[in-house]
Amino acid sequence: MTGVKLQKVVKKYGETQVIHGVDLSIDDGEFCVFVGPSGCGKSTLLRMIAGLEETTDGQIEIGHRDVTHLDASDRGVAMVFQTYALYPHMTVEENMGFGLRMNGHPKDEIKSKVGEASRILKLDDYLSRKPKALSGGQRQRVAIGRAIVRGPEVFLFDEPLSNLDAELRVDMRVEIARLHNKIGATMIYVTHDQVEAMTLADKIVVLRAGRIEQVGKPMDLYRDPDNKFVAGFIGSPSMNFIEGVVEGGAVRVPALGNRIVKTTVNLPGEGHPVSVGVRPQHLSITEGQSDIKLDIREHLGGISYDYLVLGDGSKLIVETRDDREIPEGSTLLVGFEETDALFFDGVSENRLR
Amino acid sequence: MTGVKLQKVVKKYGETQVIHGVDLSIDDGEFCVFVGPSGCGKSTLLRMIAGLEETTDGQIEIGHRDVTHLDASDRGVAMVFQTYALYPHMTVEENMGFGLRMNGHPKDEIKSKVGEASRILKLDDYLSRKPKALSGGQRQRVAIGRAIVRGPEVFLFDEPLSNLDAELRVDMRVEIARLHNKIGATMIYVTHDQVEAMTLADKIVVLRAGRIEQVGKPMDLYRDPDNKFVAGFIGSPSMNFIEGVVEGGAVRVPALGNRIVKTTVNLPGEGHPVSVGVRPQHLSITEGQSDIKLDIREHLGGISYDYLVLGDGSKLIVETRDDREIPEGSTLLVGFEETDALFFDGVSENRLR
Amino acid sequence: MSNAPQASARAKTFRPGFMARNRQVITPLLFLTPGILFFLFYVIFPVIQSFNLSFYKWDGLGEAEYVGLKNYKKLLTDRAFEVSLWNNFKWLILYLLAIPAGLFIALFLNQTVTGIRMYKSLFFFPFVISQVVVGLVFTWFYDPTFGLLNTILEQFGLEPLNVLGDPNLATYGIILAGLWPQTAYCMILYLTGLNAVDPEQIEAARLDGAKGWRMLWHIIIPQLRPATFIAFVVTIIGALRSFDLISIMTYGGPFGSTRVLSFYMFEKALSEYGFRMGYGAAIAVVLFVIMLAFIAYFLWSMYQDEKGAR
Amino acid sequence: ELNGTLKIFSDMSNPAPRAVMEGLASDFDALHPNLTVELTVIDREAYKTQIRNFLSANPPDVANWYAANRMGPYVSAGLFEDVSDLWEEPAIADNLASTKSAMTIDGKQWGVPYTYYQWGVYYRKDIFAELGLSEPSNWDEELANCQKIVDSGRACYTIGSKFLWTAGGWFDYLNMRTNGFDFHMQLARGEVEWTDDRVRQTFANWRQLIDMNGFVANHQTYSWQEALPFMVNGEATAYLMGNFAVSPLREAGLDDSKLDFYQFVEINPDVEMAEDAPTDTFHIPAKAENKEAAREFLRFVASASVQTKINSGGALGQLPVNAQSSVDADKFLEQGFDMLSSNSPGGVAQFFDRDYPAEMAAVAMEGFQEFMVIPDNLNEILERLESVRQDVY
Amino acid sequence: MFPRPIEKSSRSWQMTYQSLLPVALTLWLLPLIAVAIFSVKPDTDFTSGNYWGMPSSFEGFNNYGKVFFASDMPRYLMNSILITVPTVIGAVALSCMTGFALGIYKFRGNLILFFMFIAGNFVPFQILMVPVRDLTLDLGLYNTKTGLVLFHIAFQTGFCTLFMRNFIRALPYELIEAARVEGVAEWRIFWYVVLPLMKPAIAALSVLIFTFIWNDYFWAVVLTQGIESQPVTAGITSFNAQYRAAYHLMSAGSIVAALPPVAMFFLMQRHFIAGLTLGAVK
């Protein structure tokens, strides 16, 4: 019974409003990820849930308790910070036990709870070290351990992995997923990393300028975005958008040699601009005469990315899996399956369905 | 004639030796990338070439000139730092022209050279700004511009992109590739980013604890690594290694249900341990009874990574492209083409060929 | 590509001159020379000379006479020296009150309301003012006939106090005057220290339920360690160097009860009835030895910091 | 004719003496058109420490100082010029004979005096009248007077002992009245123990005044100037001080109807009266550059007319040393002159800190101050002084 | 109060805090305010015992006029300026160089030299008194501003070096390396790269040293003696001797003596505080 529910939540800093009436409900045990471009309000929203920022308007419930005006320490939440925010003067053990100690738990209990958490996180060998004697990943684990120990109803993470290097990030990501599987608490997680969002989330919340753009399961957002923003934001490399015009119930795409893309979606009226969205892996290229040029090809081992420049100067990225080499600078023909394309209104940017 | 040649180069800090006699020759105009785990000596080696660290032993030649004991300022190299190291009190133009000015070049010449570099790097609009009024990517371009202006024989880059965010990193990566194509100078580039190394390099140097493990073209290292370290290091996600034993001219792999892998490579004697290396995209999984469990599955849109736990506790990563869902926790059968497997001596870790 | 380039390589092999080869040593030496000369000349040698002088009897006019350890032996039985030494310890201990006091004011002022910058500066004021003026001001404050202190005491119907005239109180009175600027100093150190406190840690502690004193004690103060360290060092040094205030406020009196070593040695060496240079130097050496403990501590912790650095 | 510059360092920093000194310098300057006189006036207290430095470092041509023991260290260090030649000139030899001994060390003279002044009790005539008191003439009357004054809610004596020497004045007088001038000199020369009963007797007499609250409270926090207002405001009725106190008291509004003077009273009828009369002097530093002009200046200040002028009531308000000079028609100067010339049969002392060696003086005066605040510490104090005495001599 | 921002607490506490501030400040500066009031009082207020009341008439012009036109204060102020300014310039210049050498270069003895400066800075300066006085006498600089300036420069160099070296140390070392790779000579690196970046430190240090030197009393007493060379801190004592018990004039004199560093502090507040943070030690 420890879901989180936001109702018309608003945040203003002085005159500037940064969260514009957000409604969201997160179920008990759910792993919810906030994504969105920098400055869109992810951290702010998370910190409002934690009680670190005052809520200007609206209501926040945690487990059916109205916590809108409660102190951070009384909300039963734990937070893991981007910078870990470990207390540098305490050992790992003291760090993890600090919250319990402050709330007057007996020593034995603290010890056993810290022990349990350190076992889960494999921190047993480091309990008496100070944070600065730990590696980044270990610190991150301590920060998580500190959150676990207090047995909170809700875990909040603010870009917890962004200070780790690529390899560790992968490990810790899997670790967090495993932790969620194990303790099953409600978790809210802020990130700007595509992969983290896609792999960890039960539910992704896409934010943009203080408003929710779309909420849904990762693969639902990936396959079925509501608008161009979400489509472009989810997936890496980003979806390619090619400008087209409605003509005779289909879409004509001038940049691809006036190819006519047929579709069953409800297109707007004749002449209306439409964006055709195709993911890089759904594009295919063959050498051929055209005004599309292969600018640079990057080999990554298993796959390659081809950076194309279209006649109108716009760019396309194509993901290819074959090892067939097309020389850089060649002109190309680009193709895709019509069923792989998504269509967006060129003006409202909403998805055409 | 401006290649770089290292001969038995050694670096000691007091008693600790960090570079153990490195021999390397980089051809004129080549793009050479140093990769290796953190602390392996990449930066040290680069800084020795730049003259910022003394060379304890051995010899460094730049364009057939012995520069081993020359001051940094006399080596005719240019370096781009991870932190850009722009002079904060000078404008972009002054930053780029500073080196020439200090070496007594006439004003006109400085101006024309700076102008040329700024045109190449599209910095014309920012010439009179101070660095702090620039974005990260622009600063990086200025840093590169400063290097270009002096028309050095050799460019050195120490993780130049690691302070940029993911998106910019991609752009700048492409930019550097384009630059190299254009001016064709010798470039040495340190990175720990797989993608940068694979996409930029003419030649990758894999370092490990101050020694060179392998030198070669990116795809050569990827397809044909000399040892287990290089195989595991190049490619992302890393190659999977499964322990096996030589039995009857083939390799028996206990963890995969005692599958016998046939191969044409020269295997060591009967009973000798062998590691079988298979890249994630070459593994295939099907549901089935076994002691291999699907621990976690990560969806990334186009592809998914499956994290498997084998019976002996070791882990495998499988890259799959289909959207068919196998529930987490299922048991699996794992397969791969025998031709896709590489074999490594279980003791020396050398590649078996 | 086999022979010719190698030959040219050898030909081009460049033997840099002595200057060029040792540039990384010679340049800093050139930069350091004037500073070091000045410093040796005016600070280091004089310290050594003082040590030397402490073995002599000299009135500053005629020839110095070697007396061995006599000056030191005399110190052992010199009551004024004993009083000075004790007073120095009082200074050392009580002066440290500036640290918590400064912390308290810093916490009080660590807010962002309009005009707070102005307030912070004004609170810092006492430190900028010469100790001579501070001494005067406090002398008037304590004045037994019209001083503000006694005016206030009178209001409460208390006996008037002659703080600076009472041998038991005078030292404390001077220390209090010294605490005023010193507290301001510690305050500003703590204010800058508070700026550097990691707000995320405070938030983490808030989530952990730490409030009020416990927040202060467990989270804030440990993070202010660098500021505390510096405050400690400057306060100790200030305490041991105290001279101006004593000179202005009591001139060591009444009957020598407010002397400290630094003042006593000035008295012995250069004041109206003094000019016993050797004896003064011996006092200075004692003072130096006390300070040495703190200097060593400071250098040691700096060394710990430096070891890790570049 | 004299030329070049004549550098004079002077400690006459209080307003009136300063004006005198400036007048002296300009008069001398005017007398010698080719000579430039440069005068530097240094704070009187600071001067006492600084003289050592400038005598050896950047000596002037003429410097102020004090007679007797106080010039000893500089003479023995060879920093003062021997001016015995001047003392052979009749103008000086005859007219300044009374102070020759105070200027003599090792049979030579080292400077010339220009002024001296009496010490004694300056009192508030009007308050005495108000209380029906008259000038006391012996210790009993003194104590009786004092009792009445104390009963009227005043202190008998103001004193500011922060810089210690004022207490030295009290000790000098009590000691000379109790034990006589010769004993004073013996003690100064270190020939008597401080724990001697005669010394104790001096302190016992002193204590009588202290115990009856005869002195203003908190005197240890004041300088002598800061103690003046007590007298001016009528909180204290008298001040044992040198004649230089008259001018600030007058300035503060005590005219001759309110201010008067009497000689410090007799205590032990068996000893002859002796007085403190510090003599201020001019010297030529051994390293002076313009010694010729300096000698001329010494002659100048030693001359009767100049001494008359500078010691007049409007100027220094002190006594000229030159026998040919006339004493100004000033009540206090006349009384002082009378006292010193006719009522001081025991001798004339310089002053505590001029007669005693510096180190002894410093510790002793501190002891006096302590005694005045905590009389019960007497034994400790005397033992301390005794041990210093053994050390110093 | 507390690291918790006041905006987040209740309205009433915010009001309390706002009104508490001036009260606390007044209490804190009470002695100074008293002196400021003293300095504009007529002398009759002191004789009539009105020490702590309001001035019975405003005599500020009169009192300060006396200080400026009827006393030696202007001379002393001038001396202070002539001592302080060259000291600041000298000490800062020297320490820019030493700080650069110690902060940038790795050579044997670097740390030892650095520690020598620190240790020298921390010695109780009384131990230097007698030898330095003799040295100054021997140089013929006793009682000259030059003598005082030279000593101050030397002694402050310890502290300034500590300050500058730590500041330079905190500069990104890559800047120097970048310049080296660009072929810039070492002294040019100092002049064109390091020095411009040290501007804030130079400003901060200048203000700091200015106040230290201006407020110095001890050395003024030890190394100078007369009006021709003593700074205002020592001058104020003669001034006070001259106007003993004239509290209004003494106050005015004290305020005049204290004003320049206070003015300096206010003008350069930002640098001053930065200075304490950067160098952080005295």
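When the chains are written out, they are named A, B, C, D and E in that same order, and each has its own residue count from 1.
Following the convention adopted for this analysis, a residue touches a chain if its C-beta (ideal position, glycine included) is under 8 Å from a C-beta of that chain, and two chains touch if they have at least 3 such contacts.
What you are looking at is a predicted structure, and each value in this text was computed from that prediction instead of being measured.
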Least step count from chain A to chain D, where 1 means the two chains touch: 2
Top chain pair, ranked by number of contacting C-beta pairs: C-E
Chain whose Cα centroid lies at the greatest distance from that of chain B: D
Whole-Å gap between the CA centroids of chain B and chain C: 53
Centroid spacing, where centroids are CA-atom means, of chain C and chain E in whole angstrom: 14
Whole-Å gap between the CA centroids of chain A and chain E: 54
Residues of chain C engaged with two or more neighbouring chains: 23, 60, 270
Multi-partner residues of chain D (at least 2 other chains): 45, 56
Interface residues, chain E side, partner chain B - complex: 172, 174-175, 177-185, 188, 192-193, 196-197, 199
Contacting residues of chain C [partner chain D, same complex]: 59-62, 74, 77, 79, 142-145, 162, 164-165, 167, 250-251, 253-256, 267, 270-276
Residues of chain A that touch chain B when the two form their complex: 165-166, 170, 173-174, 177-178, 181, 193-195, 198-199, 218-219, 222, 234-237, 279, 281, 295-296, 298-302, 307, 319
Chain A residues touching chain C - in the complex, by the definition given at the top: 47, 50-52, 71-73, 77-79, 81-83, 85-90, 98-99, 102-103, 146, 150
Chain D contact footprint on chain E (complex, rising order): 47, 133, 136-137, 140, 142-143, 221, 225-228, 234, 237-238, 241-242, 244-245
